[in-house]
Each structure stands twice: as structure tokens, then as C-alpha cells.
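The data blocks that follow each hold one structure.
There are two complexes below, and they share chain A, which is joined by chain B in the first and by chain C in the second.
Up next, the complex of A and B:
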């Protein structure tokens, strides 16, 4: 009989880890609170930098874990520490005993309504990066005008913002804004696109190329300065005030739509599980790894492993790589017992 | 505009406002600008609503204007404020209500500073004792006088003789609400509705039948800004801020502006004359300006007080078009009669801005 490994979270981290654990001869059991697998990626349209359709990745992973046990629309009610493992109680009444547990609960998007000055949830044409991806995927959104002449993107919404309670950089927003700016420009070639940024953190492979393309081939305007306030004009357009810190001047521009790049915060589900089995939390609100250099997939509790954005903001490639590492880490741990 | 989105924010920024027993302190400048407003506050709260609102002639400035003009240090302001609190304590009150927005911000800032730095509070207590042998308790509650009118807005609505509606069409009047910068921008949680979408004046307008206008430069300063005006060379900056606001609100055709700061109604009112003289442009209908009212004046209007007892004849912008739109009865001939019915003579009329 194959050994159970409980994976909390059915996003791409949980799915990739399940795939690897199947290959290693285990019985991965995914517990996912939503009615589908794939997490945030399943809601995304295309992935940077190659514009890979997000659905392709989710579909491929889904096919590769067809033999895994998957509980959808299920949450963890309680986790008990046993002498040599854990008893995981689910809200559907199922109890699972396992010697290793993988937390892959991912992140939650920062609630953009908390940045009141940007008017999300108050002004008709303010949306988030997530809303825009849903629209790219075909979902109707009355907030998005038919032919916008000017569209703005605000970077770092709820990231690197002590006032919002989040000091961490969300890592992917800069390049996501560039990606979305290009996609909007492709859909509305006549539109002027403005990206308001603090500084651009384009560390990944091809990210810099992406940025240059956005300027050279798509004419996206990059303005170094934070947006201070947004107001709604009588025709529904948005008046946006910022400071152009390169020009050294305040700037006011009227836009047809504003996209807020909501950052990542830890999924409250992870916080709850951390409380149950006394996992350490980091200052940034994410789960704390044993160390941030060599043991990022390990927790402070034996048999509890991490993968993906439950320990901090991650890109998709980082998440997938961590999931593979976590699967190998679990295998090595169980063989050492 | 998604009204429910604002309501959600408003629900996050509510403050506890006791229903009675307030120690009231007047503003340094409001009685010079709009002389009946503070009188109307005590009249409404005491005689219409039956509340205990106490004031003493012994209180002074809070020091806020000098502090914000950078002419005295904060320790001096704190000692002045400590004396104000001592007067409240001696009078047996614990709910403190300043009439001035800058005072409100000043008190809020000092109380917060003392909370963070108790050694500074101890030093100020010592300084106060050395200066005038007084001791004080900190207020249990701090509320601006507009907070109190907001708190009692529905009681005022119940007793109102008029509603903020067009008597001809029955449509709600379109009202711009302008919040003084020092009310919420420093401490959003000490304000009704927070800093981005304050509800303190909007709540009054809604209760009294009007419709609030939200326009792009709603949050912008009225133009007073202390050193923008008090330093004479900066006055062009002051009026350019005011001009920016009027240009922004113009497409909405507001019937009136309601304010809760000493400086805001003055500058929004008087600069309309200057803008008209400089540019030839007026923002009301038919060459008139947009009337700018304090919240006490607006409360007095809906409660049916005589407009000239409210001091509305001292506004630069004529209020008669607004009064006519609501259907308020008034005697045009009594506009410039003093309390003893003595003729105060008529002011010279502007060349551009139409006045009555």
C-alpha cells in the first residue's frame, strides 16, 4: 500500500508536487478549497515572458496527476500531531493519517480596497490585475470601456507598503504589469498606456527584454512615481495624480481605466494551519522556512514541508521548482525515518 | 461611482460620539469670517436639541495657526493646549469639542504624541504647573463640532422646516462637501468616514435631503493652506488652488458648497470674487457664484432661521439664488440691517460676480 502524503492546496505547487510524489511511489492527497485545481494560475490568461497560455500549464498538470486523490471544495478542519506523523481532519468528515504533510496553500491577492486613495470598489473604472486577466479570459466586465484611449497601471499596490502592512516586494507585479500593458495595447492599438512604478524589478530571464519591447514596440510610457490619488470625473473617466520623480514634477492625467497591480499576501488558510501545529510565521506574514537559503521547503516541525508562495512571493517557475524540491525532500525525509 | 463602496469605507471609520455634555471651544478666526456660525452652533445644540454644551470666555487660541505657520515650537503649542484641557477639567467636563478644524487636528496630534511619548506629556504637565499652577485631565472624547452636528443630523432633519430640495422640481440640491485638511488627513481613524471619503458633511447633506457631488478635485485643499496665504508672495498659489477646485466642480453645477473649516468657506467664497475679476468667469448660474456655507449655517437654513440672523449677508457670493431655490422666506430689505435694525449701508458690488 502506498504511503499517504497530504498536500494542502491544489494550485500549481500542490499539483506539481503531487505529480512528483506519484513518480516516487507515494499516494498524494490534494485538499483544495476551491472547486477546481490550478489556483491563481487557473484564472490567469497568459504567463510571462513567453506568453504561455496559463490554461495549458494547468491542463497538463491536471492530466499528469489523474491518479492522485483530490478533494475539491474541501478545507482542513484540524491537524493533530501524532507520535510519528499527523492526523489531518477534513471538513467532509475524512481523516487522513500521514507521516509527511506538504503545505502549498499559496497566496491571496492583496485587497485593493484597502488602498482607498485608488478607489477600487468606489470608482467604476478601477480594476485589478486579476480582474483584467479574467477579462482576457473572456469574462465580461462593464468596468472596461469599449475603446479606452488611455489606460494606467499602478505597480506595488499593497506591496513594499508599510502603511498597508506589507513590506515585501511581490516580485511578479512589475513584469505582470508590462505583460498586461502589452496585451492591452494589442487589444487597443490606439490606446496610450502608462505604468506608474517605484522602481522596476525585472530580475528574471527575458524580463528586461520584455520591458524594452514594451517601450520600443508598444510605446508604453513608464513613469517613475507613485500615484497619490484617483478621482472620478463626470464622464466616468479617472483623474490620476502622481509625481514623476525623474522629471521632478507632479503629474495629472485623465485615464479611461486604471489597473491596480495587487500584490501577494499569505493565504489565511496557511496561517490557520500554522496555528494548529505551531509552525513559525515570518515577519511578512508568510510561513517561515527553516532557513531562506538552503532549506526553504522545510518547516520548523518534522514532516511538514512547504512549496510555493506560502513562504513568500514566488514566480511560477520558482513555485514549480520548489514543488519538485519538496517532493524530493519528503521522499528523503521518509526514507531517513 | 459605486455608492456601496463608499458605504463600506464609511463603516470602517466611525467614531464614538457621546450624546451630551460637551466642552466647546471657539475658533480664533471663524467669528470674524462668518460671525453667526458658532453662535448658531450653541443655539441649535442648546435650544433646539437641548444639549449641555458649555463654554468659557477664558480659553485662548490653541496655537494651531502659529504652529502650522512654523512660528512657534510644538512644546509651546502643547502647553497652550494643556491649559485648555485644564479649563475643561476645572469645568467638570471630559468631552472636548473644538470649533476649528486646525484645532481639532492640533488636539488629535498632541494627544497622539503624548500617547507615544509619555515623557513629553509629563514635561508639559510640569511646564503648565510652573506657568499657571494648573493641572488637567486629558479629554475622554475629542470631536470636532461638525462631528456633533453629524451625530445629531437626523434630529435636526426631524425638526427641519426646509429640505435641501429644489422647490420647483422636487429634485435634491447638488451640494459639494469640502472637508478641512486637518480634519482627517493626519488621523483618518479620528474622522467620520476616514480621509479619502469623509462622511461627516456628506451625512448631513444626505439627511437634510441633498445630493452630494463627488468631483475629481474633491480632496484638494481650498487654497488657504496657511503659508500659501499668510505669506503674501504665495497668494497666487492660494488662489490657483481654489481655481483648480472650481474648474473641477463646474461640470456638476453645484447649488452650494458646505465646509467644516474656518479657512475653507472664507477662501472658497472670497476667491470667487477675485477669480471673476481676474478671468471674467463665474461658477454659479446667471453670473452668480456658488454659495459657500458652514455646516452651522446650512443647519440653520434647514431649521428655518432667518438667513440674515445666520449672517449670510456677510458672504461675498450671494446666497439668494440658493434660498429661492429651496423656497426660503426672507426679507431682501432686511439684508443689511443690524441687530438694532440700524442700516449698515450696502457694500460696493463687484464688476463681474453678480450679487444681490
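Up next, the complex of A and C:
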């Protein structure tokens, strides 16, 4: 009989790990709280830097793990440590005993209403990066005007922001904003696009090219300076005040739509599980890996492994790579017992 | 009663005399110095108040109630009240009764300072002193009272929690010397009077004690040493007094008339500020009061340590303590003496020199006056409300519903009220902004200035000269609209706990209106510490140096206090409190204006 391995979270990390564990001859059991697999990626339209359709990735992974046990709309009620493993109790009454547990609970999008000065939930024309992706995917959104003349993107919403309680960089927002700016420009060729950033951290392969494209081929305006406040004019348009720190001048623009690049915070479910089996938490609110250089996928408890954004902000390729590493890590761990 | 010692003198009185003369000279010098340091205007004001019968009576009453009976302290904490009043009032009565005894029995010795203090040593009882028995009884009674107070003081030093104080001050060496001397004075007096009671007479305390002593001592050899010890304890206490916390005893007697005369702190270290510093009794009530004391690291930044460092002249620590403070005003509200900790700090900050002073002269007032003109009601939302746009929108919506004709003064950007500059101690820069705003407000022709931010509201109330303009916070204004029937509120079933913003509550004394409005639009619960004891949210503009991490702890402490009410949501009436709480709160945080907007209908709408 194949050995059970519980994977908490059915995003791309959980799916990829399940696929590898199947190959290695285990019986992965995915516990996913939503009614579908794929996590945040399944809600995304296209992935940078090659504009890969996100759905393709999720579909392909889904096909490859058809043999895995998958519990949708299920959460973990309780985990307790046994002598040589863990007992995972699900909210549907199922009890699973396993020797290895993989946490792939991912991140939660920062709640943009917490930055009230940007007006999310207050003004009619302020949306987040995830709202925009949903609209790209065909979901109706009354907040997005038919023919916007000017669209703004605010970087670092709830990232690198001590006041918001998050000091970490969310890594993907810089390049996501560029990607979304290009996509918006493609939809509305006449619109002027403004990106308000404090730094552009374009570290990944092809990111810099992407940035140059956005400026050269799409005419996106990049303004270095944080948005200080957003007001609403009588006609519903937005008045954005910012500082252009390169020009050294305060700036005021009227926009038809503002997109907030909400950052990543740790999924609260991970925090809860961490409490149950005494996993260490980091200062940034994410789970703490055994070390951040060599053992990112390992926890401080035997048999508990991590993959993806539960230990910090990650890109898709990083997450996938970690999921594979975690599968191998689990295999090596179980063989060593 | 007869004089026992013909010369009427004994060298043991010398320590007391030296101490007494030293203290009197020191205080006289201090009074002269402080009077010189006052501005001419303040000095005149103060001197006039001293001869005005009304303030004079108030001074006497306040000194009697606060310095001797400690009425305020009784109201706050009965144990502490009893402890302080028994020592202060008991001692006072011992001195008064000592004088009465001298006047009654040996009036010719009244000119000596020491006779009323050491009366029992110098006299012998005779059969004719029947009237004395009541006096002797009273003397013993008040001595017992003082001794009880001292006993409580000793217990308090060891276990302050019995007195409801979690933390007390860590005293300096000189304070300890003064304190031990004070503790020693009265037991020594009891012993001394006990040893002499068979000669000088006594009452229920001293006579039995004398009997006990005589049972196993059988001689008077102990008499003189104990009187010496008593005198030395008094002498030490008085010599140490000007350099210890006990300086608060004479200083407070100066503070009260100065405050009643309406003086304000004008300098950082001199004049009234100096009196305030010396009036701090180092009791440490401000330590538990301070919202920063949730993290142990900040305990030494409370007002009690500020006054200590100012007395020591430790500039580095003065700057640190002054910069860190949130200026929430809780220490001042709870201070029994009324030391104005926040204002003292602002004045210390004002000593700092800046390389660049801001220049506002290029801001043209005229276009702003024009934008503000047109209505009788002028609404000022302030910078903080720009960061919490929901508040301004709600105020606007409520005013529309109630059919109020108003102009939004800073809707499209306006000037700051000046308070951040004022709290940073940059008083001239603040003044420049204030003058610009005064011109705009007075030029607009409005008769009501409606303010939604308590930070601005306090500034407008205290630092602006706006003749003919009524400055109101929206909680007051909306209460008025409800009373006039222009606004109707409907109850929802959400239960709110109201957080008193520092500037609105302690700062401006508005506690009732917000509660009344919430009561009309929802259910209301109270937190553990509320009203003048409300805990600062930690977001205050007042602090110049607290880190986010330190502020987070303060916010968590304030939230924990609010959570004690088990309410569904938190209501407040300050944009800064709202933004700060919203960051960490586990339940919704809403501004009063938002609640009212959601639950109200205007007069016109109800008519339809």
C-alpha cells in the first residue's frame, strides 16, 4: 500500500508537489479550502514574463495529479503530533495519519482597505491587482470604466510598509504592475498609464526587458514616488497626490481608474496550523524555515515540510521549484526513517 | 505647665534649627528667583491674584484640600489618600497644636522656633494643667495618625500592588535618604515623648509607653539621646528636602496660586516650568498611566523621570524623554499635583535648533479665502482626514441630509492646522501657519468652524484667535442637529465600544456627545479604562522618536483595553485613532461620522 502524505493547500505548490510525490510512489492527499485547485494562479489571467495563460498551467497540473486524493472545500480542523508522524483531522470528519506533512498554504492578498488613504472600498474607481486579473478573465466589474483616459498603478500597497505591519517586499508586484500596465494599454490603446513606484525590483529573467518594453513600446509613465492620498472629484474621477522624487516636485493627477498592487501576507490558516504543532513563525508573519539558504523547505519539526509562499513571498517558478524540492525532501526523509 | 529648663535651650535643638533655617532660606531664594524669571506680564498677573479676595480664598482652600487633606487623592485611591493625608494633615496639626501649647502655657518662649517642636522636653507638668489633657490627647492622636500613615508608606514601598499601583518610581539615593529620615522622625518623636511623659505629661500613647519603659529601664538615661535623634532626623530631612522629591511640599504651595492666577508654562526650565518640575512628588502614578509603559523599555520615559532629569540637568535624557512622549495627556490627567507633563516636554523640544526654518510666506491666502467663502458653516477636515477619506465623505453626507449649507474649506487641499509643528516645539512655524488660517477663516465670513479631527480641533480651540466664530467638533454639531430634529438616527443592533481620542477627551473635555450619538444609532459598551483614563492608540503625532514596533505594542495595549468590553466593533472620533487601530484590530473600526451617516436620515427625507 502506498504511503499517505497530506498536502495542505491545493495551489500550484501543492499540485506540483503532489505530482512529484505520485511519481515517487506515494499517495498524496491534497486538502484545499476552495472549490477548485490552483489557488491564486487559477484566478490570474496571464503570467509574466512570457504572457503564459495561467489557466494552462493549472489545467496541465490538474491533469497530471488526477490519481491523487483531493479534498475540495475542506479545511484542517486539527493536527496533532503522534509518536512517529501526524494525525490530521479534516472538517469533513476524515482522519489521516501520515509520517510526512507538506504545508503549501500559500499567501493571502493584503487587504487594501487597510490603506484607507488609497480609497479602496471608499471610491468607486479603485481596484486591486487581483480585481483587474478577474476582469481580464472576463468577470464584469462596474468599477472599470468603458474608456478610461488615464489609469494609475500604485506599487507596494501593504508591502515594504511598516505602518501596514509588513516590512517585506512582495517580489512579484513590480513586474505584475508592468505586465498589467501593458495589458491595460493593449485593451485601451488611447489611455495614459502611470505607475507610482518607490523602487523597481526587476530581478528575474526577462523582467528588465519587460520594463523597457513597457516604456518604449507602450509609453507607460513611471513616476518614482509614493502616492500620498487619493481624493474623489464630483464626477467620480480620482485625484491622486504623489511626489515625483526624481523631479523633486509634488504631483497631482486626475485618473479614471487606480489599480493597487496589493502585496502578500501569510495565509492565516498556516498560522493556525503552526500553533497546533508548534512551528516557528518569522517576524514577517510567515512560517520560519530551518534556514533561509539551504533548508527553505524544512521546518523546525520532523516530517513537516514547506513549499511555496507559506515561508515568504515567492514567484511562480520559485514556488514550483520549491514544490519539487519538497517532494524530494519528503522522499529522502521517509527513506531515512 | 512650667518651664523645666531655665535657659530654655539645649544643644540637641541645633540639628533641627540648622535644617529649618536652611530650608527657609532656600525657599525664600527660590521664590525670589522664580519671580524674577516670570515675564513682567505674568508676574503682575500673579501678584494681583494674590491680593484678589476671590483667588486668595481659592488658593487657601486649594492648598488646604490638596496639600493637607489630599482630597483629589482620596477620590482616586482611598488607601493612598489616607496615607498622604494622615502624614500631611497629622504633621500639620502637630505643629499647630505645638504652637497652641506654647501660646497657652509658656507664651514668653514663642519667639524660639524650636519650642513648639520640642515642647515636651522643655516643660514639666503641674497640677494646674487640666486644659492640657485635651491637648495632650490631641497631640497623641495626631501622632498616632501620622505613625499609621508612615506604616502604610513602608508597606507601600515593599508591596505597591496593595495600593493599586503596579509600578512605582525607582528613587534616587537622595530621595531614599529623605524618605528614611521622614520615616524616622515620628517613631523617634514617639520614643522621645514616651521617655519624658512622666515629667511633661502625655496621653493614651505616650503615658503607657513611658510606664513600659520605666518598668525595665528604671532611669532617664535614654531621654536625651532620643531627643537628639529626633532632632537629627528632622534636621537631615530638612537639609535633604531641597534636593529630594520632598521639595514638592513647598513647591506645590507655590504651584497652586500660580495656576489659580492663570499662568501658563512659557519657558523650558524657568519660572512656572521650574515650579512644575519641583512640584512633582515622584509618586509614580504617571508610570502606570503612561501608555508607553506596556513595554518595559519605556518606563523611564514617564513624566516623573522627566522632572528628575530636568532637575539634574541631564540634557541627553531630557531630549530623549521629551521626544519619545505621545503627548496623550494621561499623566497630566491623573497627576494629583497637576504637573503638565506634555506641555513641559513640548517646551523642552522648543529648545532644539533647526538648520532650516520653514517659510510659508509664499502661500497666498486670497485664493484660499475665496474657496472657503460662501456659507455660514465652514468645514475643516484636516490632513489626517485626507488619509481616511471615509470620514470627510460621511461628514459631508450627514450635513447634506440635515440640509446644512456648508463649505468644505480644505476639500481640495488646504493648510495644516499647525499642531504637528506645535507639538514638535517649533512654535514660530506653527504660529505662521495659524496666522494664515486665521486670515482664511475670518475672511470667509463663516460663523461656525466645523472640525472633524480632534487634533485640529484642540489647536483651533487653544491657539487660534477667531472672534465671532464658533469652533465645534462634529460630535457636538451633530448632537445639535439631532436635538433640532434636522437629523434622525435609527438604532442598529451592532454594539460599539467607544474609544476616547486623547485630544478630544482629555484634550477638549468632550466625552458625552460621542457616546450620546452612538447610543442613538447603535448599542454601546464601555472598555475597562475609559474617558480621562482612555489609553492612547499609539498613533499620536506627539511622539517624535517612537519606532513602529514600539507603537505597535502601545496599539495592542490600547486594543486589549477596548476588547474588555466584548463589543462587536470599535468606534472612535479621530482619523488617526481609526487608521492606527484598523491596522491591528481584529474587529471593524469605524469613525463616529461613518456610524451616524449609516444610521441617519435627514429631516427632509423623513418628511417625504
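Note that in this section the second predicted complex is superposed on the first by the 337 of 337 C-alpha atoms of A that agree within 3 Å, B and C clash if a C-alpha of one lies under 4 Å from a C-alpha of the other, contacts with A are read in each partner's own complex, and residues count from 1 in each chain.
In this section, a contact is a pair of C-beta atoms (placed from the backbone, for glycine too) under 8 Å apart; a residue touches a chain by one contact, two chains touch by 3 or more.
Values in this document were obtained by computation on a predicted structure and should not be read as measured data.
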Fit-or-clash call for chain B and chain C when the two complexes are aligned on chain A: clash
Partner chain(s) touched by A:234 [first = chain B, second = chain C, both, neither]: first
Partner chain in contact with A:162 - chain B first, chain C second, else both or neither: second
Touching partner for A:117 - first (chain B), second (chain C), both, neither: both
Partner chain(s) touched by A:268 [first = chain B, second = chain C, both, neither]: neither
Overlap of chain C and chain B interfaces on chain A (superposed complexes): 116-117, 119, 122-123, 229, 231-232, 239
Residue ranges of chain A touching chain B (in the complex, touch as defined): 113, 116-117, 119, 121-124, 229, 231-234, 239
Residue numbers on chain B that touch chain A, as the complex places them: 1-2, 5-6, 8-9, 194-197, 214-219, 251-252
In the complex with chain A, residue positions of chain C that touch it: 386-390, 393, 411-413, 548, 552, 578-579, 582-584
Chain A residues within the chain C interface of the complex: 114, 116-117, 119, 122-123, 162-165, 229-232, 239, 241
